[in-house]
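Naming follows writing order (A, B and C), and every chain is counted from residue 1.
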């Protein structure tokens, strides 16, 4: 809490200093706009993203900025609502006249902004998972997180390896879980796996034993896959243990934060999920290029905020780094040039994996960016 | 088959008891003042958040729980004193907006005082499920049932056997007449808010080991509690309990036998149907319209 | 000042304000906020007929708004129906739905009515969220531009004038409706339903009529909003949006057309202003809502008018 206030003050002071410094010297600050879901149902994503952006912009400015210019960050909270995201995007483009846009914690808020940035021709890096953000490719839109489709593919590949052919799906009916559910149904056939039960819960349901009982009574279920984030998966996990389901439980990357283990306690023992290297930095092979990057980020984040790092914070970190690197390479904030440079991002090692974008791939992550992780005694254990 | 049904029933009872506790708070304030307090869910949130963060900070559980109840009651009293009391003679809708404003304010304050993360409390009696005829039940669910039962008995005793409780009931029937026979209406209003805030906190504390809590946890609980109170008949404590259980069980059976995607919708359809035929809820008093 | 002159004066003032406001707009973001404010104002003027004049609360109007939006989005994208046709058809469907549910629901009183309308709004929201094959689910769907007779309404400036024109028209319609026999019957319903019935007013028909009219207002604005935004998510039909609409009406002033309008404008602008203090946004918003209602229980406009009148009488 005190850190929040501290960072808030720092951010305010930093913006003030930046703008006054900007007018004093000839160099105008580079303006980066962000709209994030810092409150509302997706604050689980937006809050760490916001903290990360503020912390690293501050850090970059202390080191002299980019192209000798300071960075000015303008953040708005869309509360997870698409219509608010749309208005704030307009505000960032028209009123704040930002040079580059980061944000959209959720697929819904991102998609609400897409037509606006395409019209305004502004480079835009989304922090949301939905595959439709970059498929089909939109000229000005990029994204940093793995798609929900990749998470599903990683899980189904792991299930196939273990010889499971009949599995049950239980997902949350809000944005993240719903699109994960739809993507899962789309790719599951490629792995010779059949979904024999398909249940849904609301993010704030106090109890999901009814849905799990239905799954338990569906004949032939060999494993269960839960797609959601926030307290939902923790309740699913607890209820799962309570019912003694007797089959393995798989989660999505939505639970790749220590909070999940804290909430669900020892019921998480044996749960498998796809996650970025960020959650297991010390277990990565010494030769893994990601190892130093994620170790440093995890340390910096956790020292600054006294809370466990999540992959969502990592998405914001990657987005900012990719953006700043592109601006540096472009040598200006010329929108067309910056866009081209983002698209040329190649071999950037981030918290999510190795990013190499192309004109047809505006995310640039491969399935190898995901690791399968198993939870044992409250700790993440790399288990590819 | 029966084991599955029993499991659905347990699931419904667990959710239902939580909704019922939330609904009771609505009923008490409505009884004393004919106000619907849309900030009732926030009392629940405060109880859960305060106790969870205090326990996490190393405060022993019994002390944390007591403190959480006191904090919540203080907030309830402040709400009545500074927001409801000055607007006592305003329209029903005006007071609804005040309480909605209060709920937004409390959520905003909670995210600053605490944080936006989820918090949990350790279960009171461990986490080993109890097996009953092939179905299972968590010990914490029994705590919720038990607390709900104790609360009902305590409320019954308070309203029927104590002078002050009777005075509160009298005020709900006829404010002017109560005032004429010397009942301090202001005091009654204040007490009703303190009582329902206390109740909210108790609810928040016993359900946090099951559902976890964060600064927005009160929204859903408030909504379900309001539904429970209206379904049971406003101002009727027993009605709120029955209403909550019906909503919880309907949701669980709907996800078990029909569609989990539409379970919330099915619960609302049931409420609508009941209201079509019983416009004052299941146990509500018939309202008379004064000319 | 009698009612007629107040009405013409108010309408003229509204038109002038709408026409003059863009002087202070430095870019299209301001126009965008202006359009949103006026869209909300149109819904609220309609909703106020129900809440302020007929005395019936609805916590489900965002559902009708969302149905209009999705109706237009689906009909124009999937069936190639022209936007104006889709808007009218959606409004007709919403009107019919409101009529069907209105009859049994409006027999309920007070909080029971609030509960029932809340339930209907939530059911609509759940359907929009769940049927993702049709609606795109929680991630939303995109909507084409609005065009009529070969003219495409595009950009915030153009939308501003369209919304402004519609707002003036809506206010004019509402004022006339209130001044008509229907309006007088409504006020009788609000005063005392039994009393109104005794003097021969068919109260339930009037209540249903206003319910249907206000739902159709919401639906039409929902359609326009969908085209203007180009992208919609089921959140526009959420319970929060319904509460927001009611708050606008009550804060601005129930039973006052201009009050509802002012409430809508203020509550649309407020989050934009408060975005600067981000962390404290919710607390300040909540405090403003409580403060206004405690000190001006009749709403902003009626309370200000009353205090001006008192001051005038004192002189």
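General observations
Just so we're on the same page, contacts are C-beta pairs under 8 Å (C-beta built on N, C-alpha and C of every residue); 3 or more make two chains touch, one makes a residue touch a chain.
These figures come from a predicted structure and were not determined experimentally.
Among the inter-chain contacts, the highest number of C-beta pairs connects B-C. Comparing the CA-atom centres of all chains against that of subunit B, the greatest distance is found for A.
One inter-chain figure worth recording: subunit B and subunit C are separated by 31 Å, centre to centre, where each centre is the mean of the chain's CA atoms.
Centres computed as Cα averages put subunit A at a distance of 35 Å from subunit B. With touch defined as above, residues shared between interfaces to two or more other chains in subunit A number as follows: 4, 38-39, 173, 200.
Residues of subunit B in contact with two or more other chains: 111-112, 261, 264.
Across the assembly, subunit C contributes 130, 279, 281-282 as residues in contact with two or more other chains. Put simply, subunit C touches subunit B in their complex at residues 51, 57, 104-105, 107-112, 114-116, 118-120, 122-123, 126-127, 130, 192-195, 198, 239, 243, 246-247, 250-251, 254, 279-290, 293-294, 297-298.
Subunit B contributes residues 4, 7-8, 10-12, 14-15, 18, 111-118, 120, 127, 129, 136, 138, 207, 210-212, 214, 216-217, 219-220, 251-253, 255-256, 259-261, 264 to its touches with subunit A in the complex.
Per the touch definition, subunit A reaches subunit B in the complex via residues 1, 4, 38-41, 43-44, 47, 173, 199-202, 204-211, 213-214, 217, 230-231, 234-235, 238, 241-244, 259, 262-263, 265-267, 307.
Residues 36, 83, 86-87, 89-98, 100-109, 111-112, 223, 226-227, 230-231, 234, 261-262, 264-265, 268-269, 271-272, 275-276, 279-281, 287, 289-291 of subunit B are the ones that touch subunit C when the two sit in their complex. Those residues of subunit A whose C-beta lies close enough to touch subunit C in the complex are 4, 8, 38-39, 75-77, 80-84, 86-88, 90-91, 93-95, 107-108, 111-112, 114-116, 130, 132, 173-175, 178-179, 182, 200.
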